[in-house]
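The structure that follows is given in the form of C-alpha cells.
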Amino acid sequence: MVHSPLKPEPVGDVSPMQELYLRAYRLMLLARVLDDKFASLYRAGKIHGGVFLGRGQEALSVACGLALREGDVFAPLIRDQAGRLAFGEPILDAVRTYLGSALGPMRGRDGNVHRGHPKQGLLAMISHLGAMISVVNGALLARRMKGIAGTVGLACCGDGATSTGAFHEALNQAAVEKLPLVMVVANNQFAYSTPTARQFACDSLLDRAAGYGFHGSEVDGTDLSACLTTLTAAADRARAGRGPQLVVARLLRLCGHGEHDDAHYVDAKLKHLPASRDCLKASEDFLRAQEWADAPTLAAWRAEVVQKVEETLAKVHREPAPDPFKENWYALSARHLCEGYE
Amino acid sequence: MVHSPLKPEPVGDVSPMQELYLRAYRLMLLARVLDDKFASLYRAGKIHGGVFLGRGQEALSVACGLALREGDVFAPLIRDQAGRLAFGEPILDAVRTYLGSALGPMRGRDGNVHRGHPKQGLLAMISHLGAMISVVNGALLARRMKGIAGTVGLACCGDGATSTGAFHEALNQAAVEKLPLVMVVANNQFAYSTPTARQFACDSLLDRAAGYGFHGSEVDGTDLSACLTTLTAAADRARAGRGPQLVVARLLRLCGHGEHDDAHYVDAKLKHLPASRDCLKASEDFLRAQEWADAPTLAAWRAEVVQKVEETLAKVHREPAPDPFKENWYALSARHLCEGYE
Amino acid sequence: MSITYLEAIREAQARALNDDPRVFIYGQDVGAFGGAFKATKNLAARFPGRVLDAPISEDAMAGLAVGAAIEGMRPIIEMQFADFSTVAFNQIINQAATLFWRTNVPCPITVRLPCGGTSGGGPFHSQMMEAIYAHYPGLVVMTPATVEDAYSMLLEAVAIDDPVIFCEHKLLYNHLKAEKLPTEALPVGKARIAREGRDLTIVAYSAMVQEALIVADELATEGWEIEVVDLRSVKPLDTDTVMASVARTGRLLCVGEAFPWGGVTAEVIARVACEGFGLLDVPPQRLNAKDTPVPYHPNLWAAHRPTAPRIAAAARKLLRL
Amino acid sequence: MSITYLEAIREAQARALNDDPRVFIYGQDVGAFGGAFKATKNLAARFPGRVLDAPISEDAMAGLAVGAAIEGMRPIIEMQFADFSTVAFNQIINQAATLFWRTNVPCPITVRLPCGGTSGGGPFHSQMMEAIYAHYPGLVVMTPATVEDAYSMLLEAVAIDDPVIFCEHKLLYNHLKAEKLPTEALPVGKARIAREGRDLTIVAYSAMVQEALIVADELATEGWEIEVVDLRSVKPLDTDTVMASVARTGRLLCVGEAFPWGGVTAEVIARVACEGFGLLDVPPQRLNAKDTPVPYHPNLWAAHRPTAPRIAAAARKLLRL
C-alpha cells in the first residue's frame, strides 16, 4: 500500500501476539479519534455531504486491515477507517477526501468514504452496496491469470448489504472460481434504521456460507483478540488456496447511520447488552488487565494520535479546494474520444 | 385457473394416491407429446424463434402444477409445459403462442414460453432469469394485505438461475415477509451448455435453504411419486403458514437447451446414470408394475393425447396471424398518455 | 401556513393511503423511520401494516410491486436515491413496463426517485434518470417542479393504471414552499407556462424550472420577456405547448440537469426541429450538465449543472442572434 | 473466400487474444460451447484458460471485468443478449464508467452486446441499448454496421483504455459478408460516408445502415442521389461529418432502430438543429422503432422497426419538400 501501517515503538520483549494487539489498538484509537474529529467538523458545518463513522466496529475493521499484506486487495466499506489505516491508507487521504481538498486522492470529485488507490489494492468504493465484491474477484482472477500467487482479497460489508443481488452473485462467482476472497460481514444490527429482523430471516448470516461453498466463521466483533485471530486465520486459509472465506461478526453500530442520524430507533436495551460494548474501551480494559499498557501510556498514545490528527487537519485546511476552471471535465482516459460540449 | 386440469376417467375403485398419479402421468404424457410436436414443427421451420422443451422434467413440473389449487400463483419457467397443463393452462395457449396466433393470450406480441394469464395466477415470464420470483412475492403479499388466506405461490427455475441476484433478493424477501412461497429448483445439470461445476460450488443447492431461513427438501426429479409427495408437502407447509419452502430436484435435461441446440456437450456417461432416466418411461414402468395401467391402456392414452394435440394444431393453423395494421401500438393502458409517433 | 415540496409528497402519500385501501408503500427505511428524506414520516404509524421497510434489494422491491399490482394493489416504492434504481432497472423496464402490453393486465405502480444533485452528494447520490426511463415504452415519467405539482402529480401517479417513474428533485425538498396544497391541477401530459414572455422560450423541467424563472426575472430587468415552459412530465412530453410557445417567441433554449448525450433536451429540440422547424427564427440551443459523473465538491458540483448564470448567458446569446 | 460479420467478431477476438496476453473473455457459454451465437467458437481451445464460462450473473460479470482491468487486464465480456445487460447496468454505468474519472485508473473493458431484433426474438431478445449507455459519461459506444468495422472496431474497443460498449447487431451476424478482413480503418469517433449523394443525407448506424443503402439504391432509380452516413460509434458521435453531409444536401433524415423517445436520432437532430441550423433547407426528420416492446411475431416485428420501405417513404416526403 501507499505507506506502511502504524507500528508501535518496541515495548521491550513482547510476544508477536502482544505486538499485533498493541499495533491494532493504536490504529483503532487513531481511527476513533479521526472519526470523532470528522463528527465534530460535521456538527460545525465544515463538511460537505455525509459523515459515516466506524464507531464500535474498529476492532473488526482493524483486524481486516492487519490480516492483509502489501499486494493484497482491500475493499473497505463505510465503517472501515480503522481497516484502511491498518492497510496503509495515509490519514491524509481521509482528511483530504472529507474536506474536499484538491490534493486528495479523489480531487474533490468524490468524497468522504469514497476514496482509494485501486492500483495499490485499495479499492475506491462506489455507493451501491454489494458492488465492490465482484471487483475484488476480478482483481484476484487477474492475478491468477498473471501467475501471481499468495495474495488475497478482502471485502467488507454490513448486514444490510447481504440482501443485495450483487453480494450473492459475487460470492457465488468467487466460489466457482475458487478465489482467495475473504468476505467480512459486520452484522451491526441495523442497516440505516432497519433492524436485521426486516433484513433477513436466517438464524445467522453464517448459514449463508454453506450455500456458496465458503468456509465460514463467526466472531465477536467487540473482541479485538478474537477479531485478530479470526481474520488472520481466514486470510491465511484463503492465501493457502483453501478457497473463499466468510466471516460474520456480531456487534452494534455505536453511532447513527451517518452523523445526520441520531439513531433514536436503537432500543436502549440493545445498547446495554454485552455484545454491544465499545470495542475500543474493551481493548483498553484488556490492555490494562494484561498489563500491556497502563493509564499514562494509554493517555500518551491518545495524545499522540490527537496531535497527528490535528496536524493533518491543519495542513489540509491550508490546501486548495478544487477549481472548476482547472477541472478538465473529461470522463474518459482517451481524451480524443471525449466529446466537447458547449 | 382458466380451466380445470385434465382428469382421468375413473378407473374403478382407486386410491387418491393412485388417482393423482394417473392424472399426473396423463398430463406428463400430454406435455411430452405437445413438446415433441413443437420440436418437429421447429425442425420443419414452422415456428418463429426458439423452442424450449421440458423433456425429462415432466414429473417435477407436473407435480408443481398439481400441488397448486385454483387461486394459487404459479410462475413456470421454460421447461414447465407439464406444470402449466396441470395448473390448468389450456393446450390452446401453448399452441397459439408457439404458432403466433393472434387469438393466443400473447396475441403474437410475445411467443413460445412467454405466456400466461396473470390475473388467474399464471404469470407470464419475462426472459430475465430470476425476475419472476419477487413478482410472486408481490402477489402473495397483496393477498395477505387483502386478507386472503390459504393461497400459495410457486416459482420454478433452473440451476443456472440460482446464480442471479434476482433469485437471491427474492428468496430473502420472501423469508423476511414469511410469504407462502414454494421455490422449486430443477437442477438439470446444465444451464445452456454450462455444467453445474461452473455455476455453483456448494455441495447441493439445498444448502442455500438455511441461508435464507427456508424449509428445504430434495427430490429425485425423475420419480413421479416422490415429486408428487414432495411438492404437495412443500405447498401444504407453505399453505399452513410454515413459511417459504425450497425444493431442489435432481434430474437431467433430456434435450438441448432449445431445439436449435444438439447438446453435444452432455457427456454420454452422464446420460446413462440412473438419475438421468426418462421420468415418463419410469412412470410407465411404475404404472405397469403396479398394474395401474397395461400396455393397451397406455397406448390408448397416448393416442388420445396425440389426437387432442393434432386437433388443437389443426384449429390454430386456421387462425389469423397478428396484423400490424390492426395492432394499436400502445404500451400504456392509459391511451391518452401514449405518445403518437410519426 | 406554508408547505414544502417534500411535505407535499408526504401529504399526497397520506391522502393516497387514506383514500384507497389498495395503496401501500414499500422501501428502505420508509416505515417507523419515515424514509431517508422523511417523505413517509408518520405514515407507518397512521397506516399500520401499509408502509413497509424493504431489505436492500431494489430488484426485488420493484418485482414485488409488480406482483402486488397484478393482484390489484397500487404500490408506491421509494428508492432511497434515484441512483440506486439502477439495481431495479431490469424489473422496471422489462417487467413493469412490458406487463400491460404483453398481458393486458395493467401495472399501476409508482416508483419514487429522489433525483438530482445536492452539494456534497457526489457521483452516486445525485443522478437524474428521467431520460433512461423515458426511453422505454410502457412508462410514464413525471418531473414535478413545484410544490403543487409534487402533490397533485403524485396523486395522479398513484391513480394512473400504468407504471409511473416519479422523479422528485432533492434540491427542492425543503427549499421550495407554497402557501397551500392545490385543489386542482393540469392533466398529466400537459406542460405549463410557468411564466409568459414573447422573446424567448426556455423549456425546463424539475429543478431547472426554478433556475429558468430566476433567469427570466433577471433578463426582465434588461427588457427581455422570457417565456418559461415547465414540461411537468417528460413522457408523455407535451410538444404542442412547447411548439405553441416557440411559435410566439421564435427562440428556444432547452435546459436539463442530466448528462448531455441524449436526454430531454435532445428530445425536445429534435421534436421542435422536425415538427416546428418554421417556428424557429434562430437555431435552438440546449444546456445540460457536463459529461462527467456528478462531482462531490460544491465548487465542482455548481459548475457541473446548469445554473441561472449559465442559462442567462445562453439566453442572452440567443436573444442577440 | 468470404467472411461474415460474426466471423469478423470472432477473428477480432482471436487476434486480440493472440496479440495481447492481457486479453481474456468471460461470459455465459463462451468457453467450449463457443457462445450462444458462436462468436467465441474454438477460442477456448486455442487460448486455454482465457475464455471462461460465467455463471448467470451479469452484475458480477461486469464487476469482475472492472477488477481485472484495474489489475491491468483487458477483459471482453459477452452478454448473451444485449437485453440481459440491464442486470449489469449498475456495474457498467456506475462502476466501470466512473472508475477513471474518480480514481485516474483506466478501465479498459469491452462489453459485447448482441443487439437488435430478429424474427421471433420478442421483447427480451431484441433490444437496442446504445442510447442508454451513451447517456452516461465515461463510456464509448460503438455500433458497427459492416463486417470491416465489426473487426477493426472490436480490436480498437479492446485497445482503448476506457470501457467500450460494443453493440453488434444480430441480424447482421450471418447475413452480412465481406471479401476479407480490413487492414486499415477509420479512427474511432469518425463517421463514414457509406454512399455519396447530394439530395438528402440519411444518418444511420448498425443494421439501419444496410436499410439506408437499400433505400439509396431504390431512390437512385428515381433519380435521387442519397448520401448515407454511417455513424460507426454513437458516442463519441461525429457531428462534423454529419454536418458536412447536411451542408452538401440540405436535407436530413436520421434513422434508428431503438425506441422513439430520446436515442441517437434525437441526439443527431438536436446537434444539427443547434449547430447547423442554417445548413438545413427543410425540416429534418427522424424514424425510429415504435414505442412498444419489440414484438415476437414476424409480422409485427417487421412493422415495429424501420425498414427500407418506411425509410424510403420518409425520404421521398423529405425530397419533395
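Letters A, B, C and D mark the chains as written, and numbering starts fresh at 1 in each.
What we mean here is this: a contact is a pair of C-beta atoms (placed from the backbone, for glycine too) under 8 Å apart; a residue touches a chain by one contact, two chains touch by 3 or more.
Because the structure is a prediction, the values reported are computed rather than measured.
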item: Shared interface partners, meaning chains that touch chain A and chain D; value: B, C
item: Far-end chain from chain B, centres as C-alpha averages; value: A
item: Whole-Å gap separating chain B and chain C, where each centre is the average of the chain's CA atoms; value: 41
item: Euclidean distance of C-alpha centroids - chain B vs chain D, Å; value: 36
item: For chain A paired with chain B, centre-to-centre distance based on mean C-alpha positions, whole Å; value: 45
item: Chain D, residues touching no fewer than two other chains; value: 54-55, 57, 59, 83, 86-87, 90, 94, 97-98, 101-102, 123-124, 137-138, 235, 237, 261, 290-293
item: For chain B, residues contacting two or more additional chains; value: 106, 109-110, 114, 126-128, 163-166, 169, 172-173, 176, 198-200, 330-331, 338-339
item: Contact set on chain D toward chain B in their complex; value: 28-29, 31-33, 36, 53-57, 59, 81, 83-84, 86-87, 119-125, 260-261, 287-288, 290-293, 295-300, 302-304
item: Chain C to chain D touching residues, read off their complex; value: 83, 86-87, 89-90, 93-94, 97-98, 101-102, 123-124, 131-132, 134-138, 235, 237, 258-259, 261-267, 269-270, 272-275, 277-278, 280, 282-286, 290-293
item: Contact set on chain A toward chain D in their complex; value: 73, 105-106, 109-110, 114, 116-119, 123-124, 126-128, 131-143, 145-146, 165-166, 169-170, 172-173, 176, 330-334, 336-339
item: Chain B residues touching chain D - in the complex, by the definition given at the top; value: 47-50, 100, 106, 108-112, 114, 126-130, 160-161, 163-166, 191-194, 198-200, 265, 321-325, 327, 329-331, 338-339, 341-342
item: Chain A-touching residues of chain B, taken from the complex the two chains share; value: 163-169, 172-173, 175-176, 178, 197-203, 205, 207-213, 243
